[in-house]
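Take a look at the structures below.
There are two complexes below, and they share subunit A, which is joined by subunit B in the first and by subunit C in the second.
Let's turn to the complex of A and B:
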């Protein structure tokens, strides 16, 4: 048994905290709030005559409400307890079990509560399970017994109570997709080649001049006829900026956005890889590399040429 | 009108009760039970703690099961036990359908009812309630 397990199991049979007495005695206003919220129409909770008609001496509290009488209340729920935190809760948090959900409650009621009753509760640890994998995450079931007493010490109810103390699973959102390029019939060939990790350049079929970005018409001679050549994948940084803001969640920042001039003479806007933003320089020799941000998108990026052999 | 012990037979089914689970109701019942845990009223903290939204607290589930059975049994019934296990959380926007069947009677006027509350995800609550009914058997 690990040292942590031993410290946990040492709690079995021990009381959790001290005996807690309800802040207010059983009272009609709180009963009214309860039955209104529960939409419980049973008249014995608010109507004296209806309660007497059932053989009772007067109104009674709903049986299920017993736990509410000894709840800590708002102030203690939201502030650090000056008397010190609950040591068992702390010990469980130390093991990473920071979240909690109630799983079982078994009440046995010995008598009905009536306005004026002062209820106290004492809670004793019954068992602490080994770590179990649950739908919520890995956790331990902590079973306790709560004993409810009235002012004279008479037991009015018992409650077997089970909580799952668990480690919330990391629900990190999947990284959003990189923005889609606006693909049309004039530029589709370039992105299709990129998917095969080929960097191509559009060439005029008539005057043979190269152009980028792709377009339908040669800016030199006006021809609509074109083909492509595959670039060698080498060039230099013509210019660059380092983006810090605004951020798009698909990118890592700081983000280098560079204009790379290929040895063939055309330029393209791209990202840098394998180099810290502060080490990028205009004129730096670069070679192409490829990234596949998602199954539908491959894009050329550039890294410093001296890193080529690494 | 309260149900008498003689009127009840094992196997008898309780009328179904459908409860719309609004966000306001989930928060109002949590507060009426003096339960200020953030997972019962603060959606963003509930998500941080591993839930998809705020969810109904167990004290309210006990209250609704109590209401369901005593509505059938009548005002003279005295609740002697409520034993529940929670499953699928009750999230806002869902509906819980409560069903029940009389599962046992003893000689002392006590009747046990098996209760089940199901929402869109699955069973939210399963358990038993024991009530003491009036009648010559009591």
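Let's turn to the complex of A and C:
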């Protein structure tokens, strides 16, 4: 048994934290809130006469409220305990088991609580499992017994309580992919060339006019025959935007998207690199650069041309 | 001359409330709006024999017809291109009425555009369908250009560069919209005007567009009832005659991204619509007393003013700054508050405001309104109307 395992197993049979006494005695207002929230219409919780008719001496608290009487209140649930976590929690964190989820809770009730009862609870470790592989991650099941007592020390309820203390799986997911271009037979050639880092422009095979975005037919002469020319990769910023909202997880913001006019005369939508958003200007001379955001996608982007004024 | 001008009229208008979460189905919104419009026209559902909506609308004619007891339909037609369809629906209806194909045609648009599918979030995660429309996004989405605000911002940046317009010039459009909305109880921004300083302090969405340059996202429905001018004269309200109804798609037209034309500071498809409207109505810009101009984003209001002949190219910023768009100005504009101030119902609520202006019942009613020019979505194949009083 490892030293860590020994230190963990030494907790079996030992109490966790100290005995905690409820902040308020069992009382009707809290019972009223509870049964309203739970929509529990059983009259023995609020109606004295109905309770007596069942042989009880008066109203009783719902059994399942037992945990509520010793809770530390709302504030403690949202703020860290100034005393810090208990020693067992510390020890589990040392083993990397920093996350927690409750898995089981079994109660045994010995007597009903009545208004005026003062409830305390003591929690004792029953067992700590070896490390298990769970869907949430590797972890240990920590079983404890919580013993609830009244002011005279008599046991009113016991609770077998089981938590999974686990090592959270690494949540760092790969950056989402850029939105996919929809590829069809009219535009596939352009994206295929881009994968080879070639910026091409569709050209009419008959009248030789260039066009982008591409299409199956030349608007100048009506020809369906076309080929491509490789662009020089130079041009200037025709317009641009700086995107802030909404954000797509594939991109870093602020994101510059520009319309670049190539020296060949066609324009395309692209991104800018090597320049701060506030330094982008219409008319700025740019040259092509290539990015490979993922194995299936290469895109032409543009950066400012050095010593080139338009 | 065309048979269309003056042949048809909008006799009824009806809408749901405009909200951010209707809590009802889009079909129910459509039914409520259509029924309200029919009632406003003084007609019965069984009188309706034609329906027109957007291809983008999820509420097929048959569902509305069977829910409202409309019964048989002789004419049904749909218009594409998002908000560009708005005035086109009325053109379809007017043509159907003018040719005798149908007698009572309802145009409608209803959606939960805020609580349901939000157009403002864009197309980035649109499934890559390989139709020509789907493939068109291949030139934008991989570069992160995928929302309407971003598409419009590209035009706005070039417009600023060429004409010296500023963010404040766009902001003045928003201020007028919100000023008018502040007096319109049906507007989402009723009693909530803004200042130019508010506009300038609002955050960037897609530079050069700020938050307050962008219209709302809204839930709601709007319907309009179109009948012949002759029949409209026998119905309860003063008819809003359709003196002009036109569609337009420009050279090298794209959806919101016509960045490949020799110039991108104008809206040639809107110029095409305007020329048709003036020809049909035999009016000139000086005969138009009020305008409802599509304002999904403020920057494209400026070139609309230019394309429609209210001012020269590049001078819209001055036209706006001089206060011409105010309720008491030369061209009272978006007297309902526009889509920035009232609601974004894809331009259909603007047509209803055009009808109110002709009736004399706008919340910001200027005096002496005889002719109102209404436009539909910009950046897309679009449409427009000239609505007016009886000649």
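Methods note: the second predicted complex is superposed on the first by the 168 of 310 C-alpha atoms of A that agree within 3 Å, B and C clash if a C-alpha of one lies under 4 Å from a C-alpha of the other, contacts with A are read in each partner's own complex, and residues count from 1 in each chain.
One rule holds for everything that comes next: contacts are C-beta pairs under 8 Å (C-beta built on N, C-alpha and C of every residue); 3 or more make two chains touch, one makes a residue touch a chain.
The structure presented is a predicted model; accordingly, all values stated were derived computationally and were not measured.
K.L.:
Answer with first, second, both or neither: which of subunit B and subunit C does A:49 touch in the superposed model?
P.N.:
neither
K.L.:
Looking at A:1, would you say it contacts subunit B, subunit C, both, or neither? Reply first, second, both or neither.
P.N.:
neither
K.L.:
Looking at A:276, would you say it contacts subunit B, subunit C, both, or neither? Reply first, second, both or neither.
P.N.:
A:276 sits against neither subunit B nor subunit C.
K.L.:
Quick check for you: in the superposed arrangement, does A:63 touch first (subunit B), second (subunit C), both or neither?
P.N.:
first
K.L.:
Looking at A:169 after the superposition, I want to know if it touches subunit B, subunit C, both of them or none. Which is it: first, second, both, neither?
P.N.:
Only subunit B; A:169 stays clear of subunit C.
K.L.:
Which of the two partners, first being subunit B and second being subunit C, lies in contact with A:179: first, second, both, or neither?
P.N.:
In the superposition, A:179 touches subunit C alone.
K.L.:
Of the residues on subunit A, which ones does subunit B touch that subunit C also touches?
P.N.:
none
K.L.:
Please output the residues of subunit C touching subunit A within their complex, sorted ascending.
P.N.:
Residue list for subunit C touching subunit A: 120-122, 124-126, 128-132, 134-147, 150, 153-155, 157-158, 161, 203-208, 252, 254, 257, 259-260, 264.
K.L.:
Please output the residues of subunit A touching subunit C within their complex, sorted ascending.
P.N.:
Per the stated touch rule, the residues are 178-184, 186-187, 191, 212-213, 219, 238-246, 248, 250-251, 254-255, 257, 259, 266-271, 277, 282, 293, 297, 299.
K.L.:
Which bits of subunit B are touching subunit A when the two form their complex?
P.N.:
Residues of subunit B touching subunit A: 2, 25, 28-29, 31-37, 39, 47-50, 57-60, 62-67, 70-71, 75-76, 78-86, 89, 134.
K.L.:
Flag every residue of subunit A that touches subunit B in the complex, lowest number first.
P.N.:
For this pair, the touching residues of subunit A are 30, 33-34, 36-44, 50-51, 53-55, 62-65, 67-68, 71-74, 77-78, 98-109, 112, 136-137, 166, 168-169, 171.
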